[in-house]
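Structures for review follow.
Two complexes follow with chain A in common, the first pairing it with chain B and the second with chain C.
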Partner chain A sequence: MSKKVAIVGLGYSSFRTTSQDVSYREMIFEAATKCYEDAGGVHPQDIDAFVACSEDFMEGISIADEYVPDQLGAVLKPVQSITGDGLQGLASAAMHVLTGELDLVTLSAFSKASNVLHYANVVSYACDPTYVRPLKENPYFIAGLEMNRYLYETGTTEEQCAMVTAKNKGNALFNPTAAYGAKIDVKDVLQSDPLFSPLKYLDKSQDLDGAIVFLLASEEKAYQYTDKPIWIKGLGWATDTPNLDNRLDGMGDAVYARLAAQKAYEMAGITYPRKEIHFAELDDTFSFKELQHLEALNICSRGEAGKLLEQGVFSKNGDFPVNVSGGSLGVGYLHEANGLQRLMEVVLQLRGEAGKRQLDDVETGLAFAWRGIPTATGAAAVLSSRY
Partner chain B sequence: MGILERITKNVDNKYWYPENDTFPVKNRYTAGVAGQKFFQELKDNGKIYGTTCAACKLTFVPAKLFCEQCFAELDDWVDVGTTGILWSWTIAYKNKDDSKKETPTLLAAIRLADGLLVHWLGECSPEDVEIGMPVTAVFKDPGEREGSLLDIGHFKPVIS
Partner chain C sequence: MDHKEFIRGGTALSEDEIKSGKIFVEEDALDCRYAWDTGVAIGRYLAELKKGKIIAKKTNCCDRIMIPPRMFCELCYRPSGAWTYVQDTGVVNTFSISNIYYDASRVPSGEPNPMPAVIEIDGASKGMGIMHLLGEVKPEDVKIGMKVKAVWKPESERTGSITDIEYFKPY
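Presenting the complex of A and B:
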């Protein structure tokens, strides 16, 4: 990137499986307050612009950007809302700073999934009205189709997918923000209820409520707010066709992830991601997605992720730790805030503030988010503690 | 209703169902120029049509008005037949409200030319199903068709 952008503040509300006591706006307020405190007590009046990620349907309201300003301290300030994942928001917020006109930009995303009574209906509304919706099926059948095709194309096994769940839920035991940590083994996953075969209950992450807020700063201002700025080195995002009918390649392969990562690596000057990046927090909405994404992100070749997982390469103590936070399978599924949960872990690790799960000698990390069924949208970010 | 009259009670609103306090989200969706013709062929002739982009050497199924690769307008209509290849499949154990299905259903992505149709797979059991096998469309009787994806009742394996 021509100029540098730093993350100088991070705040998050407590993550919970239900949260009847607070509104989503109060949840964001909590995260924003903590973020501004984390950035040396900056007052929102000194912030130049705000980027908020949300999805109308998820909130039971419409035109969600009208609901953004107050909880971020953004009243009568420039606000942009992104109907997308938090990492897409990160790209937008970074571009705000890269204009050179804005020095301090807030980024937020949240999930209030416990308020959504019939999530499958919401997802169904995202499916094509003429070619998919008439079947009146639970749209998660698409995950079953994708998983089956992925296993077929790569020779990955259901056992290897189950191992992802066991690893991530195990990692989550060391993360105080995680709601779904557990010590389980492959057999537990394989014997869990079938959902959309080969996808089973424990192959799928479960909902979580929470809000996450970041503060981004220009290179000139970064050190005014923190001693440990984390630098954004590369960003990339891509959307494959929304139509299932055009996903011949995209049914078994995460083409969106491949393209998003290529761009992010190019920007960050990375040629050999597995060597030049030290760990990754990436989408594991479904267990197989972690393996599929690792391959698409060029951390390993196609069909290799399951084998490397078995060898322990992606374990907490392995050569390339993946989802040390616990990922969505261990922490919980935060909808449009998933990407910011992954970013949060990368930032905490790079700052050396990850507590019991702190990795040794990590300088550069990768965050990758997928927007979930039925989308084929992904966003990647490479971050580093090194200037 | 005129300018001097207003509905002042939710219960009088014809789109509000006070008995279960719900407000239905409904709207029309236009199938489009290509969709209209695609569904007309399903209904009238029991045929599945795609459109071909000569430059990209792709035949889109369902038919599209434009090529998403090169942006050309497409009007080269091709009957792609009613038999395709099973691209992927799954057994759905859950209903839309996440309750357990009494009878799980087989769902499939079927490759026709360069496109995929998503539909039910019938007249077979999971043990017989393999990715790559040929499957064929079973149409409803002409009198029951209404120009929708459901004019095809399901796909079934081709017995060779």
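Presenting the complex of A and C:
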């Protein structure tokens, strides 16, 4: 990138499966207050612009962006709402700074998934009204279709997918923000209830409530707010056709991840991601997605992720740790805030603030988010503690 | 009146043609339900309404009394302070005479027009008010600046909702 953008503040609310005691406003206020304290006690009056990620159907209110300002301190300020994942929001917030006109930009996303009583319907309304919705099937069947095709094309096994769940839930035991940590093995996953075969109950992440807020700064201002800026080195995002049945590389591949990563690597000047990046936090909405995404992100070749997983390469003490935080399978599924949970772990690791799960000698990390069923949208970010 | 005479070119469609399947249409009824967590501020506000009281919150930073209450001052970005009761009387800040119901049908002549209004609540900071309806007053008699008082539902019928106040009437 021609100019540099740093992450100088991070705050998050407690992550919980239900959160009756706080409204979404109060939850975001908690996260934002912590973020501003983390950035040296900056007052939002000094912040130039605000970017918030939300989906109206998840909030039960249309034009939800109008409800953004109060809890972020953004009243009477420029506010932009991104209908998408938090990492898409990161791209937008970074571009705000890259204009050269804005020095400090807040980025936020949250989940109040526990308040959505008919989530399957919300996903269903995301499906094409002519070609998919009239089938009147639970839309998660799409995950079953994708998994089946991915296993068929790559030779990856259900056991290897189950191993992803076991790894991530195990990692989550060392993450105090994680709600779904557990010591389980492959057999537990394989014997869990079938959902949309070959997808099983423990192959799927579970909902979580929480809010995450970041503060971004220009190169000129970054050190005013922190002595440990984390630099955004590369960003990329891509969306495939909405037609489920004729995606570029079919349902077994994640072309959105490949294209998003290519752009992010190009910007970051990365040629060999497996060597030049030290760890990744990436989408594991479903266990197979972690493997599929690893391949699409060019961390390994197609069909190789399952085998490397078995060899322990992606374990927290392996060569290329993946989802040390626990990922969505271990931490929980934060909807529009998923990408920011991944970004949060990358930032904590690069700052050396990841507690018991701190990785040794990590300087560059990758965050990747998928927007979930039924989308083919992904966003990637390469971050580094090195200027 | 034949609606076709207003159409220049194209083909007019009738409701019958759509209903009988001569014209292909797609129809879906959205079914989404939510249970919003009230949190601290809205939760206490609604609980007090059920008791027939209106509660506000003071700010320590800029000395305002905020109604409806919130846990933080959105201007100074500081946590708010003490809870405080305000009056169930106030002043009409602005109002409108509705001629269209919620379902988009017209209010028939002779029926009372709904009169939504912003009521600046006595005891709250200047300009802070709540959105409600006016009642027991003819549309032609409503004035900006008019003093009004809450008409509460009987205690047994209150549910912890802004509709625990039926409307505001002049006093």
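Keep this in mind: the second predicted complex is superposed on the first by the 385 of 387 C-alpha atoms of A that agree within 3 Å, B and C clash if a C-alpha of one lies under 4 Å from a C-alpha of the other, contacts with A are read in each partner's own complex, and residues count from 1 in each chain.
Simple rule for what comes next: contacts are C-beta pairs under 8 Å (C-beta built on N, C-alpha and C of every residue); 3 or more make two chains touch, one makes a residue touch a chain.
All figures in this text were calculated on a predicted structure; none of them were measured in a lab.
J.: Once the structures are superposed on A, label A:Asp185 by its partner contacts, choosing first (chain B), second (chain C), both or neither.
T.: neither
J.: Between chain B and chain C, whom does A:Glu101 touch in the aligned arrangement: first, second, both, or neither?
T.: A:Glu101: touches no partner chain.
J.: State whether A:Glu353 touches chain B only (first), chain C only (second), both chains, or neither.
T.: neither
J.: Have a look at where A:Thr130 lands relative to chain B and chain C in the superposition and call it first, second, both or neither.
T.: both
J.: Thinking of the overlay built on chain A, is A:Tyr24 touched by chain B (first), by chain C (second), by both, or by neither?
T.: After superposition on chain A, A:Tyr24 lies in contact with chain C alone.
J.: Go through the superposed model and pick first if A:Asp70 touches only chain B, second if only chain C, both, or neither.
T.: It touches chain C, and chain B stays clear.
J.: Is A:Tyr152 contacted by the first partner chain B, the second partner chain C, both or neither?
T.: A:Tyr152 sits against chain B, while chain C stays out of touch.
J.: Where does A:His118 make contact in the superposed view: on chain B (first), on chain C (second), on both, or on neither?
T.: A:His118: touches chain B and chain C.
J.: Using the superposition on chain A as set up above, list the residues of chain A that contact both chain B and chain C.
T.: Correct list for chain A: 118, 121, 125, 129-130.
J.: Under the touch definition given earlier, write down the residues of chain B that touch chain A in their complex.
T.: 25, 29, 31, 35, 39, 60-62, 68, 87-98, 105, 107-109, 111, 114-120, 126, 131, 148-150
J.: Residue numbers of chain C touching chain A in their complex, please.
T.: Its residues touching chain A are 26, 28, 30-42, 70-72, 74-75, 77.
J.: For chain A, which residues count as touching chain B in their complex?
T.: 118, 120-121, 124-125, 129-132, 134-141, 144-149, 152, 193-199, 241, 244-248, 251-252
J.: Show which residues of chain A lie in contact with chain C when the two form their complex.
T.: Touching chain C: residues 19-27, 29, 43-45, 57, 60, 69-71, 73, 75, 112, 114-118, 121-122, 125, 129-130, 133 of chain A.
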